[in-house]
Structures are given as C-alpha cells and as structure tokens.
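So that you can tell them apart, the chains are marked A, B, C, D, E and F in the order they are listed, and the count of residues begins at 1 in each.
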C-alpha cells in the first residue's frame, strides 16, 4: 500500500464522526453468501466486525448456512424434496440442520473471531429460547416461523462484552426444533434489540435500477417507495423477501437497514465508517 | 406411589441440611453413558439438575458424546483407526466431532432443559476460548489436552442465572480444534470453578471390591488410598483414567468427587440430597 | 420411615414445579395456635419455613402470642376486663404485651430458627415504624388498628438474606404503643410486600361445610363466594374475622391465601410443595 | 436562652472540625445508669445520638437494664440469690431478662428515637447470633460471656441507614440464652465494628483522683497507666471492671474510650462536638 | 465567648430539626457582594457551606466576580462601554472574563475550601457544556443568556462527594464563550438540580418595606405578591432582576429562595440551621 | 485525498491490533509547544485525542502554557526576573499563572474538545488537591515541586466518561499556589494513574543522533541507555529534563513514554494506531 502516514491519519480522523454516531449502539449483521464461503472475504468480514466491536459498537452476527447444510445432507445420502423453493424438512433433516448450523458454522465463526483477538460466544435459537417458533406449513415439516424473540441471552452476552454469534434454528415450548430463515431471524432480532442498524450481506451490489448495470445502484429507498419498486420489477426475485424483512425491521423500530455487497472486501467498514455508502440503504 | 403427605414432608425436611450444605456452591456434573442414551434416564437426570439449580446450587453440565460421534461418522462413511484405544482424529473427523457435540448433543440438552422450565445456554470449549488445548500426540491428530481453562464464560452465565451446558472440544490460539476427553475437561473445569463437588456419571455402581458383586461397593476412597486400590486391581480398566481425573480435580481444589451409577434413576438427587450415598465418594 | 431412595427422589422431583412457581416470591406466614404452643409442631413449622427460605422463597413469619400474654399478666397479678371479646388494654397491659411479644416470643423464635441453621432477625411494629397504628376504640385503651405499613425494614432484611420474624405491636407518631391483631397485621404486611401468598395457620382443618366432618373441607373459596358462605353459617364464629382479613389481603393484591391446619405436622410444606392442598385456599 | 444568632453560629462553626473528625466513623454508646432512668436525661441522650447520626456518624446504642429486670422479677414474685455480686440466673430468670431487655427497654428506646424523627431497629444478641456466648460459671446459671461477635446484622442496619439499638443477651449454638454484662458487650461490639470511639455513660464524673472532689477529674488515662491507678485505689470498686472493658476495647482496636457523666445533660454532644471533654478519656 | 457547655449543647440540639429537614437535599448558594470581597466574611461563608456539606446537605456554590473582572480589565488597559448598565463585551473582554472567573476566582475558592478540609472541584459553564448559551443582544457582544443547563457534571461531582464551585460563563455549540449573569445562572442551575433551596447573598438586609429601616424587613414574600411589591416600589432597582430570578427558580421547581444579607457573618448558617430567618424568603 | 475506499478500509483494519492493545488503558498526553499555538495543529491534536477516547482509550490531557503566561504578564506590565532559566514567581505572578492556565488555556481546550463532540472537564492541581506541592527554592518564589498526587478527581472523571484536561498549578496544605513544570506534572500523573503510556509532545523530531539530521532519529531508548546518550551530548539542552521526567515516569510504573514531534499533524494517531512510530520511544 502506497499511502503515507499522513493519509492514514486522515482516514482515521475522517472515521471519527461515524464512530461517534454508532458508539454504544447495536448493529446486527446478517452474514451469508459469498462473504461466508470465500476464505478471504470471510477474514475481511470478521476483521470488520471485530473493529466495529472494539470502537464501542455492539455487534451481533446472525448467520445461516445453506451450502453447508446441503453438503452435509448429501454426505449422509439424504435427498431433499422442495415445495415452492423451500426444502421439506423432516425430523432427520432438522437434526442435521441444527448440527451443521449451531455446531459447525457457528462455532467455527466463534473460533475465527477469537483467533483474531475477539471474545465471542455462539448461540442458537434454542439457547435461552432465543427464537420461539411454530410450524409454518405442515407440508414443509420442521420449517418454522418466529413467534417470539427472547432477547435476554443476547443482551446478557453484549453486557459482558462478548460478541454474540447467532444460528437461526428455533424451538417451540414442546421442544420441537425448526429451521428458521436467516433474513427473517436477523430482522426480528434487530428489532427486538432496538438496533440502530441491520446490515444484510448479499451477493449483489444492492438494489439496481438496471440489474445488469452496477452504475444504476439506488443508494436510498424509503420504506414507502418499496412497493412501487417491486411493481416495476426493480426489486424482484430473491430480493423481494429480503427487502420485505428489511421493511419489517424498520417498521419494528430498527433505524436503518443496509443491503450491501458481500463480495466487496470490507464492505461493512466502508458502509459504516466512511462517507461513501456502497449499497442500498432502507429507512 | 403409596407414600403419604406426611412422608413426603419428611423427605423434604430430611433434604434440608443437604440443601444448606450446597447452597450457592458449584457442582459440575460429568454426564455420559447410559444416563445419556436412555430417554427415561435422560429425563430423570435433567429433572435432577434442574431441581438442584432451583434450590440455589450452581450446576454446570459437561457432556461428551461418543456414540453420537460414531454414529455420524458411520453415516458419512468415515472409518476410524484406533491407537491405544484412542481414535485417530483427522481434520474431517474433528469437524464432525465439533458439529455433533456442540451443535447436536449440546443444543438438544439445552432444549430439553428448557422444555422442562429451566434456563440454559450451551457452550463448547471454543466459546470465549473456554478450553485452550494443544495436540496430545501427533499420531492421534486432533486429539487435544487442555492447557488452560478460561472460566469466565461459564461464570458469566452462572451469574446471569443460566445453567451452562458444556461440550468438550477445545482450540489453540491458531484456531485448531481438538477433541477433548470429557472426564478430563469436567475435572479441569470443576477445579477452575472452585467447585464444591464433581459428580461423574458412569455405567457402574461405583468402585466395587468385587466387580461382580454390587454389595462390595466402596463408599469412600481417600485420595491417598487410590494407588493401593489400583495396584490391587480393584480400580482397573476404564475406571483408572476416570479415577485419575477425579484425583486431579481434588488436588486442584474440588471438595469432593462422586462416581455414581448413571443407570439408577435420580442417582444425583439421592447422592446430593439424602443421607444415603449410592456410589463412591473420593475426597 | 420405610420409603426407598427411589421414592425419596420421586418426592423431591415432584416438588420441582412448586419450587419453580414460588422461586424468589414472598410468602407471609401468620403463625399461631397449637402450632406455636406444641414443641413438636413448633419444630416442624420452623423446619418448614427454613426449607422454604433455602429453596429461594422469601418467607416472613408473623406471630401473635395470646397465651403467653395471658400467662404473664396472670403472673404479675393483672386482671383483664373484656369488651366484645377484646381485652381492655391499659398502659400497664400494653407494656407487658410489648415485652412478651417483642422480647419473649419473637426472640425465642429467632433463636430457634438460628439453632437450626437459619439466619433471622426479629422485628416488632415499632422497628422502623413498621406498623403505624391508631386507637381503635377509646373503651379498649391501647388496642390499635393499622394506619400505615412502612415495609422497608422487612424488605431490607429480606434483601440481606435474613428471615424476618415480626411481632404485632404498633405505634403512632407520638410514640404510643398498641396491641395489633395478628391476622390483620399479617394480611396488611403481605399486601404491602406484594406477597405471592399468605398462609394463615389455624386450629381447624380449614373451612368445613359441616364443621364436625373434616371430609367436607372446602378446598377453594373465591373471594366473591365468601359472603354467601357466611350467610349460610358455614363460615362462622372466629373464622369470620380471619376470612375477612384474608379477603382484605387478596383485595390489596396478595395472590392467594391458604387457611391451613396448624395441627398437622409440616402442613406448610404439604400445602406449598405438593399437589395436595390440605386446607382452604382463598383467591 | 440568651444567646444571640451570632453566638449560635459560632457554636455551630466551632463544631466543624469535630464533625469532620468523626464523619462516617462508628461510635458505640454504652447507655445506662441515671441517663436511662430519668425521663429528662433520656430525652437529652436520644437527642444527642440522633444529632450525631444525622451529621454522618454511625452510632450504635448498647443498653442493659438492671433496674427494669429487678422490677419485673419482683412483680412476678421471683427472689434472686447473689454470688459475688452477680445474680444467680435460673432458666425462669433468663426468660424474664430476655423479655425485659429485648422487648421492653430495647423497643421503647427504638420507639423514642423514632418519635423524634430517627430511623432505628432494635436487636438483641440472638438476632443473627450477634453475641455468641457460653456459660461463665455453672454456679451462676445463665450468666454468659461472649465467645464471638457476629457483627453483620449491625453492619447491615448501619449500611441501610438505621440506628441499631442493641440488648445484651446472647446465645450458644444449642439455643441457650445468657444474660451478658452490658459494658463487656459494648466493648466487644465496638472492637468488632472497628469503632472510632466507645462512649461509656456512668453515674460519676469520670475517674477522680479524689472521688469526693469533682475538680480532681483525670481527663486522660493511657492504657499503660491504668494498673498503677488501680493499685493506688483511684480506680476502684465498680469502676474497675468498667475500666477493664475499656482497656480491652482499646487493645482490640477501638480508637478512644470516653467514660462520661450520664447525669450531665448532653454530655455526649459536649464530649464529641466541643473542645471541652467532660469525662475521662482512655486511649 | 461566654457561653457554657450546656448552652453550646442546646444550640447544637436546636439545630437538629433543621439538619433533618435539609438532609441529602441540594442547596445552591449564589455567592457575591461583600461576602466575597471581605476576607473575614469569605472565611465565614466557606466555613458555613463546609459545615452544611458535612452534615449531609449537597451544597453547590455559584459565583460571579464583577470587581475582579473590572480590576483585570483595568490592569490590561481595557476600557468598557456600557449599554443599559450592561458591559459591552467584545472578544478580548470575554477572554479576560473567562480567565478571571474560571481560573482566578473559581480556583481560589476551591483552594480555600480545601485548605479548610473540604473536597471541592471548580467548574465553569464550559465544562461538560454545563451552561449552553446564546447571544442576548448583538449590541452587547458576548453577553449570553442560558438556553440549556446540562446538569450532569454537577450531579456527577455531588455523587462523588465533591463540593462543586461554578463560574458563570457559558458557550454555544460553535464554541463561542459568553458572560452569563450569576443570579440567572444560579437560579437556572438550582431549578435543573431540583434544589430544595437557593440562597442568594446580597449586600442588603433583604426586602425592606422602608429601605432605610432594617426593622421593616419583609420575612416572607409569596411569588404572587411580588408584582404588587414591585409596583409599590418596595422591590426596586437592582433588587428587581434578582427577585425575578428567584421567582423564576421557584416557578421551575426550587422549594424556597432566601435573599440574605451577606454582610452578616454566618448568615447562611443562621438562615438554614436556626429558627430565626435573617433575610427574605420567597416561596 | 486520492485514496480509494478499499485503501481506507485497509487503514482502518490495520489499526485494529493497536486499538486492541490500548483498549481501556490510560494514556496521558503532555501537550505543548507548536502543537498548542498553531490553530491547525491544535485542531489536529484535539481530533486525535477525541478519536482515541472514542475507541475506548482513557486519555488525560495535561498542558502548560508558557507563551500565554508571558503574554498576559506583558499585558499587565509585569517584568520577570530569571534564575537559572526559571522565572522568579512572586505572588502577583502566580495569580496570573493560575488565571491564565486554569481559566484561559484549560477551559478553551475543554471548549474546543466539546465543540467537536467530546465530553470534557477541566481541572487544575487545586481541584481535589490533585497536585500537592511545596516550594522548590525560596529564590524562585512560588515555583513548586510535587509532593503528592491525589489522583481521585482524575479517576472520578474518567469513570464518568469525561476527558480530563489538567492545568499544572499545585498547592500546599496552607493554600499557597505554585506553578508546576508541566513535563514533571504529566509524568507524575501518568505514574499515579498507572498509565500504559505517556506521550510528550515536543517541537523536535524526537531524539536525534545528529540533531540537524532528522534521518538520525533514535526510535527506541532503553532507560538504562539514557545516561550514556546524555554523556555523549546526544540528549542535551532542554531535552535533558524532559527525558529525566520520562525516565521517572517509567521507573514509577508507566509502560512506555513517547517523545513525539508535535509539529507533524496527527502525530499522536500515527504513533499509537499505526506500525510506524514517528518519534522516540523510551521504555
């Protein structure tokens, strides 16, 4: 890197108002996509959230793990049936999901954060009944939707200075376990925590007016403008449920939601600590 | 049950001095064997530790999960090689171990405790670097021995009123993950917590003078008597490393260690809250 | 006792939901009658409340002491006049009442609790002006009715882990001392503490439909049903003011009131920790 | 009173360094003699300790009650036998002692303090096992000597802002109650609390070189000078055990002990808040 | 002084109800006039507030420093122009004002308090932005009026046991510094602290019906009576803005305001701790 | 600035380990020289310390103010005599010093910090008797040397989240005020606080082997090497007392001392948050 000490200092000084703005606030990061599969990007993301947590921001990392689940199901020779794009989840499958998310992906992220000097604890929706859930559709088996967020375990860990890493499985009072959509879980958790921001990492540049042209990025979308954008087809496909989660989060009190491009290294830092947003902000 | 109200009251009243004795003390329960595989016994154990925690005892549940690991390895078609009875653990295996213990067994125990009205959080040795470890023997791969116990995450959860459930995987500073023997981990954790007692659940009646005759149970073994009992072959086989862990725990400051028969329903309650010990106590 | 370890464990396990229900809640016990005069019963009662306080219930013991007062008055050769069944209490008498209750009965209960391993402090209504009172009827002299409960001294002792034992004398701002009815004082104190339950110990089996037939015990009386029962004469005599105190307690926010038979050993434990109520519950 | 506002202000200002000196320190007042039997003096004493407690001094009032005990024994027709000037105390007598001290004298003092605007709680040595004791001499029956002071109840009350009033009965682990000498109890309590000062109220002007001439008051006695004064007969009679208690208090860490004349109104204030000591100071 | 010990004690005892009344309450003292320029009076005032703070009253000292400012302006050869009796304050002048008040007068008072055994910290309106202000009138330059009181710095110091000494300069968000009228600042600070009393020291005997006859002192003025007194010319001249500040303080919740004669030694003590008010009380 | 978002992110990420290292540690900054007289540099310094305090470092700013003192003395027509390069400080002079430092320089720094969003409180050595001092040399008048540092006021402010700004005047128990050398005061305060680092701002590049050639900067000097460097004349002139203060600080427990070039913008940030030290580190 060819930047001088003076430039370095300038960068740090320019970050000051952003640090002041987020100080002691909660930011929930929904982590997924390429940023989670590429080792390089993963290291950059973990570095970013570690930095945020060090400068006094209370970061909560929420993750899913579709590819890892599929991989393990394949290894045990389990075939999945799909209904409307959602995997039919029988009891055997939900056990695999729980293991892979709460024991595999989750604890490996905890391990990575700590090998970089952080202090993390991994939770899933079963711990302290963080995510209470019920069956979404009998045809889908153990696919759940959240009925209640018991936010104390996350708050307790934040209070004690841990960075909570959260897997999105949930349970009901009888102890049935459900697979929960990670975007929804992150949005609901952010709302329950009264988070200042929710950062949703995707494999796109954000919401593009012309989806093949990154230069048409829409930097800011008001909650009231979203329906029009959906009607026009600008928000379409997999972006629709994601945006709906974001709107839900804002309606429940989250300050701002950022849909950012997880393929750009340090996208989180750039979004939070510099004056150039690099994705789409909903508010 | 044909016991009268008066008898019930008597039982409760007789428990009083034991409750007083353990009030606000830490008890670490090493959970394993039949007590963990039989659904009936499992329910009894969880009921017991829930009761203990309600009457003001700080219970920490430490578990392994050999059968579950073997089962999953089999399902993914992974064969294990053994050296001196210890499984050679390659990287692929340790990943399975982590998933099965920290995501499968652990979170299912958490779920069970909570469906009975408890408040639990599941940790593994990676969370808050609870168990720092190093390789035990290069020939065994990722089989680790504990180098340091960072007891804060467990204390923090106890302070906030959670029942910590702990899986015995560990890590080193570089983020390598190791499978840790559960007896050792429980003993070391009990010592680090300054526990009043360590309860080790086995599939035997305790230490028997004649191993085929339960009436020859030795109720109390002083730490200094153990070597003699080993020499005489009374403590033998798999009981040897278990007893060594117990002795180590006592040497590091744990008050008493109970080796109890996990096949007897409510063995923990009987041991802790009545005047009839049902296993072997080391002190 | 011929019950097995397994049965003992069952009893303890069955107590679990009741322990959970009352955990960290306040229970006020109005103590009196045979349970206070028989040494055996007294020991059983003290054992019971000690057990309750150990399993995390905040117990407050409120007592009167009619027989002890009469005895002492007799010893000093003081004759009592009665108006409507209430003793005319002159200045000399109220001094004896204060001494006997706050110095005799109260401190002896404290002493008994502590000789069994508890930690108690005895208060009377003068300490911290716990019970502010005024004269009830000039014809009765120093018989008082409570005008205000200053609950801080009791709360402070509970916060510091003491079991408060409370004598029912009160005072006004000028320092006049009054004898206070113990049922009323217990009810008012329970209300002021926001107690979960008030347990009133009597020398009857509870409210009986036929007062000579214990099998006609009414297990549950709703507050709204009481007037009808009084009209029918089922609640009659000395039970009327007692029930009125109970109703008053419920109206002021106490969860449930139990009128139990103090002549049955461990009646409190059976009522609180088992599924068989043995008296009449008002709610 | 013919003193001007300016003079009043001067008095208050002159008290400043004394207030600073004792701020947040513990002073134990051993209360007894005429100051406790005369209504006028009693009101003055209570006013004094109330003022001290308001200006930030932690006052603990310790009292006996010989005359009140004798009076009550007489009323119940109980004759006392004496051995070496100590009353033989049978079980019946110690019950009267407990009642009179802990229920009569103690609670009346509490009542008086509060009617003047203070916030007091009365304890005896049974509460929280404040004074553990054992039999002093079988020939004397229930006359005890202190074996241990469990100072927590007094500290807890001071912490919560109460003025503790303490009766000098004690108990052993079996629950036997003993009458304890008040001078000894006050000295031991002062030592256990690490008190700055112990004030012992007597019916003399202090230690007089010529006991019939108040002008021969010895203002200051060093602990090492006391034996000589005893040998010379200057400290004699009932003053000997009193002085021995004072010396014991100083040996156990109390800063200073003042033997003051309880017959002088406001002797405590004059001793503590002005530059003219009016009794004998031991240090 | 010819007053006896007994009289001294009486004075102290008479102060008791006043001490009780103000215990743990906040009193703001607006300090100025002769009481601040005469060394003798200054020592008396500091002694008084030190005594008040020792007996549990939370005293805040607010001061201006007109004579000291004028003196320094003269020394640096700066002439002042006046508009309606208010000094036109250019940038150079406001710098002198800041130095003289916050560095000179303020820290010297802190020093004096501490040399008498107190524990003080000096603040000005810039510290923690205690006084946010804006320009009052462009023609006057840096003369400010308070827009907001950020009371935390004063509360934080009181919580930690310091006596806060406050200079009346303020600032706006851009960092401009303003000279603030001390009467106004004291009144606003007292209101923001929810003070029990504001004591305003003047060089008069209070509000006099005939300003040349001290015997016509009006001891008590109700807020509603003030306009009439102004109309009648009884409150006139410099007393008008002072009284207006006092009324403002009461309207914003201060209990009582005392206008007292700073020329009388110990006027504060006499007003607060005796039954003879010596100035005019507004309420 | 021509640096990309990616580069910005890199800079922030590279700061991570330094932020971790200093998190929750105390850094004392001795502020002076050009960095305090140039408006641009002053703004950079204040920005730097604000950033440090935001990322969890506890910064204490210690300042002198020679030029401002000289300027004011000149304005009031006061001539200074010098002895061994130290100004003879008569009573009039020390009053000016107190005003200029504690009221002028100090409060203006507080004001500047707050106008940038910080939360500061200005103290001098008189507040809470932070710096107790005595006369250094009668010939110098009110030039003092520190006898004791009472660190509580600074700790209290840090605990409450304020950035303390400290002027270097001190006092003795009699209330005499002394001018204290700022390098010494900063070193002693850093030691008393157990600071991780002391940063001393100078108008040189650090310690240079050839003082005219900045490329000969000595980056690191061990405490034991300093005497040799002084003997060789490499540390000479005004650098000698500065280095002696630094050594004293290290001897008293400060981790590291940095002598940095205050003329370089953001020198503090570069020193603390990047891998290129820009001055001389003593340890």
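As a convention for this text, contacts are C-beta pairs under 8 Å (C-beta built on N, C-alpha and C of every residue); 3 or more make two chains touch, one makes a residue touch a chain.
Keep in mind it's a predicted model, so treat the numbers as computed, not measured.
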item	value
Pair from E-F, B-C or D-E with over half of its contact pairs in common with A-B	E-F
Separation of mean Cα positions, subunit D and subunit C [Å, integer]	35
Whole-Å gap separating subunit C and subunit F, where each centre is the average of the chain's CA atoms	68
Centre distance in Å when subunit C and subunit E are each reduced to the mean of their C-alpha atoms	56
Chain order around the ring, beginning at subunit B and proceeding next to subunit C	B, C, D, E, F, A
Interface residues, subunit D side, partner subunit E - complex	1, 3, 5-17, 19-20, 23, 44, 47-48, 50-51, 54-56, 117, 265-266, 269-270, 273-274, 276, 278
Parts of subunit A lying in touch with subunit B, wherever the complex brings them together	72, 75-77, 95, 98-104, 106-108, 110-112, 114-115, 119-124, 126-129, 153, 156-157, 160, 162, 167, 169, 171, 173-175, 177
